[in-house]
């Protein structure tokens, strides 16, 4: 299947390079994600390494927040979703799709271009079949509910089993909630509706999109927890993950101190007020960080 | 209890035939549900057969959507409810009740008429005590929260145990959420509030009502899943249920194919693109339909 | 035109007496508005006298509020409308129409009944052509915007010029806002949309309806000001109008006192605290009431 | 820790008596809660006895509603929260904190006063460290989401383990939802956000506040169930709890009767219509009340 | 100024052809608006002729609605705006701009590209200075209020006087409402806020965008009335304008008939029921159309 | 009247100093507004001089925004009001009143204290009668509509004529909209309702309150335009007013340049790009500032 996926991507590229509305050329992709420190996919999309993705599974939204705004990235978080499995983390690489309300004249051009590339019609499965394992399908359906259902349980099953996707984030809807709920893949959506996807048109695949107040670039690390979804630029992933180790250790130590029952909260948290305690904490931090780094060498 | 129910219905009829505001005569009921292909209750309300109700238990909102809009029924679905037991299907026959905001002058007439028929006061239990086993109480309380609580846990218990109702749909509220949550009966409501039902008046029993954007007729088959509620006209129930068999088989086959790992989603879904595959699917469909029809003769 | 109106009403009556869903028989109308102290139209609808309607033109929502809740009528006020001419009062007799979302099976029965009565199709103009001069068309379109446009500028023109209606209140929409804005007739609506009326069905003419949280009976005195709309039961109109005279005099006196610049607000308003002032006020009230009653004998 | 808590309270009092914006003097507290029939904390806050708190654990919102509005307390209920553990009751004594949007000039005064009392800065932990075991932290953060996060999982842990608080109600947000969800303490909040508490200022500790439409006094008994939160004035707690016994018995008897299958709902509920049944019920009530009172002497 | 405008456009083109994220090449523009029957601007954008724009000034939203959905264009209308001058029509050619929430990494690339083309920074005035006389600035600011203020009164003045723009439509905000209100240019916006444009980034100029549920292409004829805004594809403008003549004549005739006072609304409207009247209308229509066509030759 | 006002204030003070819930002592007022550079009223409230108030009449929200956030005051603006006279500026000194939902036990204490001070009952007129000429009544009624009507037309008349108030801002409602609309005084409110003020209780007079997201201190300069309301700390008024002169001159010069028709917007605005133009602007600014300062010496 991977082979077929690559073949299809190859087929698509020339179309899009003539019809820049729908995707970026590899050069554009590289240019717009220039800060990416990692490898890239064939189409130029940043590929955050699997090992970092694995470590990111321990992150919470708060640990991302601890880093991103301070680096000037204040618009990378979206919430207000229905979360399919609040107890499961969503972690993967962003594959973005942009829809707009259907316009017959635009639709005609889009489908003519698609046809010229051997795709009978430009629709949601064209995007789905381009996904790479570990991708999160991130879809801007401008909040559409009726007719804005990106997948039902069959395509959800395919996403999970066939495309080996890591999950789904859609500023729009899904259908077949009962069926979808039985599957393990994390999903974030605005609404559920029994209608199928209709009255919309794909206007971009792997282009910058916004989901609520967050701007998403193809290749961003997508992190969803029970609160919402963070889109982390590849250049900041390492820093976020490393800093989270410190946060975890700080939490460990803080609660241990609280468990001793000798302190008021203000004496310990945010940081120990007493110089002795402060030193104790710093030693603890250093020791634990070493343990973690040993277990988890980079 | 059934005997008493019938007796009460008998008592009520003459009242209502003088006071048509509140219900339909049997003739009116038959006329307004003329397309009903099934038996009827004594008051003319369509009675979708138990066997079909049983088969409908396997339906999802999507499978109803696959039939109704195509038949011109585009306003039969309501959502935006709090669903008491999202994992349980609601299936039963619609028993409708319409409320309006209390008006003392209208209230006086309504209660005078009720009294003349031996009912001390026209209130929610008059309607509840007219329910037949397998009915779903469908109530238009115009979205009222405070004072719009159709039942608390005692009447909910009675609905379930005494009236053998199949469930509750209310464009309004319930009370005693903790108590209600422990009972098995499916229920769909807009809100929860500790107040009791007040400042409203019954203006119709088993008349056409609307719940959100859906028009509900007495005797409609009510189908609720984790997404929302469909009100299916009796004349379309058989078609919906039969078509759902096809949908189920299509899902089975589609996922089997996806499990083989040889296909992109677009090659298989919505329908197989390859003529060979298409033929394979059609044979599978035929065989499985026969199996199902054998197991489930009509 | 009046002649035709009466003829049409005659034609309609027998239909509806067989099809009670859509209107009340004269007997029902009389029964449900039994407290009406005034004359009635041929169909039994209360007819608040023209002289009282004229006096009601001076009312504000606050002056109605001063009487109705105290008489147990707490649900007669609706607001949240776009008001076409906030500087113009709306005063007239309620002619009610109820719509529900379209259902083809119900639609078929409704239109068959209509046809049997010589009306080709049951639609908004059937209701509009039944209006009497001085009526306010009060329409429950359940808040529908797209497709819920009761009139555009042509029918609005007809309402005003042809039907000599006093105004329009719709829990729904209108179209042709530019055109409508140039006409003098007061109108209250939830929204404006370019679509025409569609996907709905008339389910009642001159039946009880609710507009927001207010229950409206045919024949209610409709009073709209820049804030919202009151639906006043005929039996309370005289009391509201008389009490408003007292309110007006009280306002006159209060402001005169404030103009003297000798008093704090608490000394004068709600009622004078000083016994001397209280006596002064009571004499003023008596004198002014006599003047008004002389000018405006009942 | 308790000792430290008291010491801190002592330190704070003189500050606040010079800076009445932030708390009440003991005299004021006693005056504003004059109807409290129970003991008080050192600062004058009413202390509903532990035994009553224990009995209150069986209450539902409906059982409080059955008493409070009838006593003139119509504004003691708030809902619309996200409930952390809907299946757990929240019961405890109200400790109130009021925030307002940050204003640097006011902030300067507040912190100068705090500093003079030996508190480096006035922030959420100053309030948290004043809590007594069994308190519910009730916080007016005026619905703020971003920056309105009263606690994350570390302070939540401290509230539960260190302060032995009974729970949290905040008209604002929390952070670290994943972490918080694993802890047992009940919590009611409007939203979740990854930001930390910022851009706000404490303007009152243990002063009257309002949460939605409910006015909360320090020392109120806070009762939360799956629907919402009631703030019960101490003077009414006994009456609420006693009346709830009657409600429970009434429910028991009603359902027993319904289980017999011989009655329509209207014959039994709200109260038995048949004099024989009524007598039967009254005897049952008397007997069961005696049993309960014996088990649970006051 | 025109000269400078052209010069600047020349400068920009090469930049954008390397950085296709922000605009379309001329070839793309022509391809995506292939159905345009009119001339084009130098950059390929359709140029609806001035004469048609003049005639479109008489259109209302309803007259556009009468044509577009029937041609399959169901998503060309947006409403819910604050309308600056409801009594003035907005008519002009769409110049589209798309913003997204600021992302520093993307911002860096955008500005580097801009700099390479001699533009110090990519911001709202770059777009404004590309406008042609008669253009309507149509801006997707994703509904942003705080920081989403596309112009204040100075730039609004420039748009009107310097750029000779026909108006402004923004799914976002403006500032300086008092100042703007004194100017004549029509404007449609979601909100007003005193902040300046901040925390956003331009991601497209003259690309397809959506405003609410309408997809807008560069060169669309923008028509705003007191209700909302229509974006009319150039290929349909002639048909809309011609059909509006028929609508106007139909309105004229209908009201004349209503003025005669002999007809019920249903007899005349939508179309005359009586064959004689129908013929009368058709002759009137023919005669009036000829008069109009004479006055307004194409 | 002034005499009486002072007498009443004298009477009130001792009450409140025993019952700090409702107001600040003079010492507290001075402490909490320590940065005030101006005179104070007898109760310590800052008194921005009349001359500055006069100059502030020329301000817009944008000109306040140009100064406040930069000084750390980011929460001083509230919008979302219905504005009675959008074309009139509101300028005056804040007199704050805080309400909470009624609680009988608290109400009893409040009224007992009031009675002890010779005030029969604590209600809205007690606050109104404490206003000083030029005050703006700023009321926190927590958004209440029904029952949250701070004034009707009589008290509005008194505010304007008797109390010589500068205007009204209420996070709540007013009544008698028709009557109020005829009066000149600016007013900002959330809603209009025919009910009178009820089910609430005064919990503070001239204490810090918040209106939406703005924290208001007694004595703040209140500035309302057609967009919303700014609450300006006295210490910043001079700077805001002075800076606005610069803004006005900048606007003058910018538009003059735009009128010349030789420049693109980016060449002139925000600041002139060409060094020559920049110099020209600076000289213009200097000259005009001198003219203004001469006309308007401080």
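Labels A, B, C, D, E and F are assigned to the chains in the order they are written; within every chain, residues are numbered from 1.
As a convention for this text, a contact is a pair of C-beta atoms (placed from the backbone, for glycine too) under 8 Å apart; a residue touches a chain by one contact, two chains touch by 3 or more.
Predicted, not measured: the structure shown is a model, and the values here were computed from it.
Undergrad: So if I look at the partners of chain D and the partners of chain E, which chains show up in both lists?
TA: Of all the chains present, those in contact with both chain D and chain E are A, F.
Undergrad: Would you mind checking which chain's C-alpha centre is most distant from the centre of chain B?
TA: Chain centre farthest from chain B's centre: F.
Undergrad: Fitting on CA atoms only, what is the rotation between the copies chain A and chain E? Please report it in degrees, nearest 5.
TA: Rotating chain A by 180 degrees superposes it on chain E.
Undergrad: If you line up contacts by residue number, which pair in A-E, C-F or B-C shares over half of them with E-F? Let me know.
TA: C-F
Undergrad: Taking each chain's centre as the mean of its Cα atoms, which chain lies farthest from chain C?
TA: Max centre-to-centre separation from chain C belongs to A.
Undergrad: Distance from the CA centroid of chain D to that of chain F, rounded to the nearest Å?
TA: Measuring from centre to centre gives 35 Å for this pair.
Undergrad: Just give me the whole-number Å value for how far the CA centre of chain B lies from that of chain F.
TA: 55
Undergrad: Determine the centre-to-centre distance between chain A and chain D, using the mean Cα coordinates as centres, and give it in whole Å.
TA: Result: the chain centres lie 39 Å from each other.
Undergrad: Under the stated touch criterion, can you name all the chain pairs that qualify?
TA: A-B, A-D, A-E, B-C, B-D, C-E, C-F, D-F, E-F
Undergrad: Which residues of chain A touch chain E once you look at their complex with the stated criterion?
TA: By the definition above, chain A touches chain E via 19-21, 24-25, 28, 31-35, 71-76, 100-106, 108-109, 142, 199, 201, 203, 207-210, 213-215, 217, 233, 235.
Undergrad: Using the touch definition up top, name the residues of chain D that touch chain B in the complex.
TA: These residues of chain D touch chain B: 60-62, 64-65, 77, 79, 225-228, 230, 251, 254-255, 258-259, 261-266, 269.
Undergrad: Using the touch rule from the top, collect the residues of chain B that touch chain D in their complex.
TA: Residue positions touching the partner: 1, 4-5, 8, 125-126, 128-129, 152-155, 157-158, 161-163, 175-179, 181, 192-196.
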